[in-house]
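Chain IDs A, B and C follow the sequence of writing; residue 1 opens each chain.
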Amino acid sequence: MSGTFVGMPSFPRAAKEAVHNKTLRGNLRHATHTIRDKRAKAVAELADWAELREAGKQIKDHTLRHLDRYLLQLEERVTAAGGTVHWAADADEANRIVADLVKATGESEVVKVKSMATQEIGLNEALEAEGIAAYETDLAELIVQLGDDRPSHILVPAIHRNRAEIRDIFRTKMADWGRAAPDGLTDIPADLAEAARLHLREKFLRAKVGVSGANFMVAETGTLVVFESEGNGRMCLTLPETLISVVGIEKVVPSWRDLEVFLQTLPRSSTAERMNPYTSTWTGTADGDGPKTFHLVLLDNGRTGTLADEVGRQALRCIRCSACLNVCPVYERAGGHAYGSVYPGPIGAILSPQLRGTQSEIDASLPYASSLCGACYEVCPVAIDIPEVLVHLRERVAGQGGKGHRLEKAAMKAAGWVLDHPGVLGAGERAASKTRRLHPSKLPGAGAWTRSRELPEMPAEPFRDWWKKNRKPKPDGTSKPDGKKS
Amino acid sequence: MRVALFVTCVNDAVYPSTGIATVRLLERLGVEVDFPEAQTCCGQPQFNTGYRRETERLVRRTAAAFEGYDYVVTPSGSCAAMVRQHYPKIGDASAAALATRTYELTEFLVDVLEVTDVGAYFPHTVTYHPSCHGLRLLGLGDRPRRLLEAVEGLELRELPGADECCGFGGTFALKNSDVSTAMGQDKVSHAVSTGAEVLCGADNSCLMHIGGVLRREEAPLRALHLADILASTREEPLV
Amino acid sequence: MSNTADSTGPTGPTGPIGSRERILARIRAAVADAPDAPEVTRDYLDTHTPDAAMVDLLAENLADYRALVHRTDSATLPDLLMRLLAEHGSRTVLVPPGLPPGWLAAADPTRIHDREASTARELDEVDSVVTGCAVAIAETGTIVLDGSPDQGRRRISLVPDHHICVVRVPEQVVASVPQAMPRLDPTRPLTWISGPSATSDIELDRVEGVHGPRTLEVVLVED
């Protein structure tokens, strides 16, 4: 298993493997159904969920509309509070900034809080190339890192692994990275958590540099916010002397008060808790408490391009809760790896093709990785209309032509002409009915249907013929029921 | 009141029985139904596949075909949702007006005719799959269930995981046929677990997919549109 | 601020145009034609809880996420803290600089004071920590620490495996998150704690006890 997503096959091919992997299907089904029911309960506790959702959406939309202003305000406040702000246009620039900052401390290792932004830019690999070891400290990230695996979920990157697989990874790999797993380690989750605690403890206690992302940044105060559960975040944010946070520019919110919305919606949407165990907020550096040096790296990496798309920009509201993954029937069966990105699931299907463009095979296939069932939109705490953006991106992909789409376009054109001529349509329907069956070989893509499903039997005649025979038309062109055949 | 049947292209070509059942049901309830023959397809397949221009042409055609009717009734939650949700954004004023006059069959029965007992007779065990667009885009809620519960002789069985997508999704069923099939198979195994004789739905495109899996797997139940069940009476029972 | 300039990029009148200017320019171009986004409508509730039910709800929600909850008055607080530390088998206890002196008057463990020079390793040897808090939120079962003298640096409530947090009832309790926000100073480093450390990373099922204190005891003191 390779640790990168480069050269991913298109979604249907990658998903095909996953669908037939019984262990994976079982793991995903178990995990997503567990969290699905809990989320519904946690959300139902709040009578004003719809209003919180609307406020969250509006806060994000307002911020995005005035993003330049809020970023400048944030920069000013962070700087005034003793932090240093850097701007990175793309992944390479962000990686270079972080690597240089780490090198300047003279250290050769960093401890990391789980962060989607640093995953997105491939920071760990970039640091490794510079001789710097980056240790993931979130339990699921640790499982992925030890297993030389790829993340498959936003909140729980190792969701594709069950407890027995995790035990095996800990037993065989922990010793290579530091303290070995305890002898006789079982697959009881509490024992696995304890093994992670012991393994990472020594790394936390000696760490001089911490690297994080942030869930939110408050422009009016210069405050950064990290939501977490295990305490690894607190360790990384408070014990090291230097803290470097890499954060997407869309993570800013205008005011401190705005957090009251997301502090209610994010935990319930993501881990289905009233509140996650730990939330840390910090503003620059604090005298005698926590890191003495703080760097904030503001990351674009495709976000401004996404912002320019009037339909697609709503994807930037995302607060990375994972609720859409957990309810998605496609994600549940295809698994996260099939999406070929650190952002899997419905949100990944609209985010990756926007951040990376729709030219690659995988990115061109992602907008179609959905049955448009709408479950994702229903649970999204910032009301991202994911089906709407999917359809919008399909237009973009269909418009760019390329493999498979030329034939489809021709078929759509031909069908469009027929459907614009009811007489021709009726003739076609009659012809199909006469033979009393569809001809799979003559329908484009029908093989994909008949491999696993029967085609419907064709009726004796189309509805419009029945109507003509059984409901007598009146002289003015409308018809009238008389119950008799004409 | 002038009522038009919007039969949908799938029903017209593949499931005329559902269109006929809808006509008979409405007539039995005293509604005079018309079928404007200029109608073809609402444009949903084109829209959802990313072909905006082809969609626009069909939106214009559909809006023109149903001009002048007070109510446009369709036995498809999905096509009703296309008109209701997307026509105002895609088409002109007449398309937007059509959106306000279009009713999915169960909405028309329960909200406009204010009837839940339609006098149907269907002595079988039935489980109901609420298709996604009816469930989430139209918010049909318990209307189909109330109609089914009032059918004489019908025993309704709860479908586990009812609100999960069956995996049809238009071209999704072809472009991602492995995932689509896996979803359909799970839907079928849930339906089988109810022990019902019939899997009922209000969208024949979903039923074409579920029914295709049912027949391939030789599962002991069949797929039927809600209209076919509601049209069935003691005098003219559906067999 | 340090601005990472791209030496191969275009240059402006005052030197290299860095990514900062490029990103800001791209943002402005991206939203130039976007519709105005009005001020936020806040139709959500300020609270979901009647005042009278607040403290009981706090106790209930703390316990629901596996915090151990105790209720007492200020006269018996020292004895209770003594008992809790003894039951945990603690030989040492970390003490924030401004902890009310009476609280640990009856406690046996050796008091350890957090000095700036103390290392994380030294703190890791301490068995327990006792702190106050800034505010407690009933609806979410949350206590918030803001680094005031009775709470100390963030690390002291993190590294020891046993945290006892004293909440003065009812004055430190609010019903909801919106009610907590104006009582907190965002310029101070804040730690919101809702139960002992936990993870959902194995099969999305919640397990308590990872890196933060595995035992969280919350003492509600009401006179």
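The rule is short, and it goes like this: contacts are C-beta pairs under 8 Å (C-beta built on N, C-alpha and C of every residue); 3 or more make two chains touch, one makes a residue touch a chain.
This one's a predicted model, so the numbers in the text were calculated from it and none came from an experiment.
Considering every other chain in turn, none proves to be in contact with both chain A and chain B. Ranked by distance of CA centroids from chain B, the top chain is C.
Every chain gets a centre from its CA atoms, and the centre nearest the mean of all protein CA atoms is that of A. For the pair chain A and chain B, the distance between mean C-alpha positions equals 32 Å.
Centre-to-centre, using mean CA coordinates, chain B is 52 Å away from chain C.
Here the CA centre of chain A is 28 Å from the CA centre of chain C. Not a single residue position of chain C touches two or more of the other chains. Residues 11-12, 15-16, 19-20, 25, 329-330, 333-334, 367-375, 377-378, 391, 393-399, 408-409, 412-413, 415-416, 418-420, 422, 425, 428-429, 432-433, 445-446, 448-449, 451-456, 458-459, 461-464, 466-467, 471, 478-481 of chain A are the ones that touch chain B when the two sit in their complex. Residues 27, 30-32, 34-35, 45-48, 51-52, 54-55, 58-59, 61-62, 64-68, 71-72, 75, 79, 81, 84-89, 93, 96-97, 137-140, 143, 155-156, 158-159, 162-163, 166, 189-190, 192-194, 196-197, 200-201, 204-205, 218, 221, 223, 229-232, 234-235, 237-239, 249, 256-261, 263-264, 267, 271, 273-283, 286, 288-290, 298, 300, 304-305, 307-308, 310, 313, 326 of chain A are the ones that touch chain C when the two sit in their complex. By the touch criterion stated above, chain C contacts chain A in their complex at residues 1-4, 6, 18-20, 22-24, 26-31, 33-45, 48, 61, 65, 116, 119-121, 124, 137, 139-142, 147, 153-155, 158-159, 177-178, 180-182, 186-213.
For chain B in complex with chain A, the residues that touch the partner chain are 7, 9, 11-17, 19-20, 23, 27, 32-41, 45-52, 54, 57-58, 61, 132-133, 136-137, 163-165, 167-184, 208-209, 211-213, 215-216.
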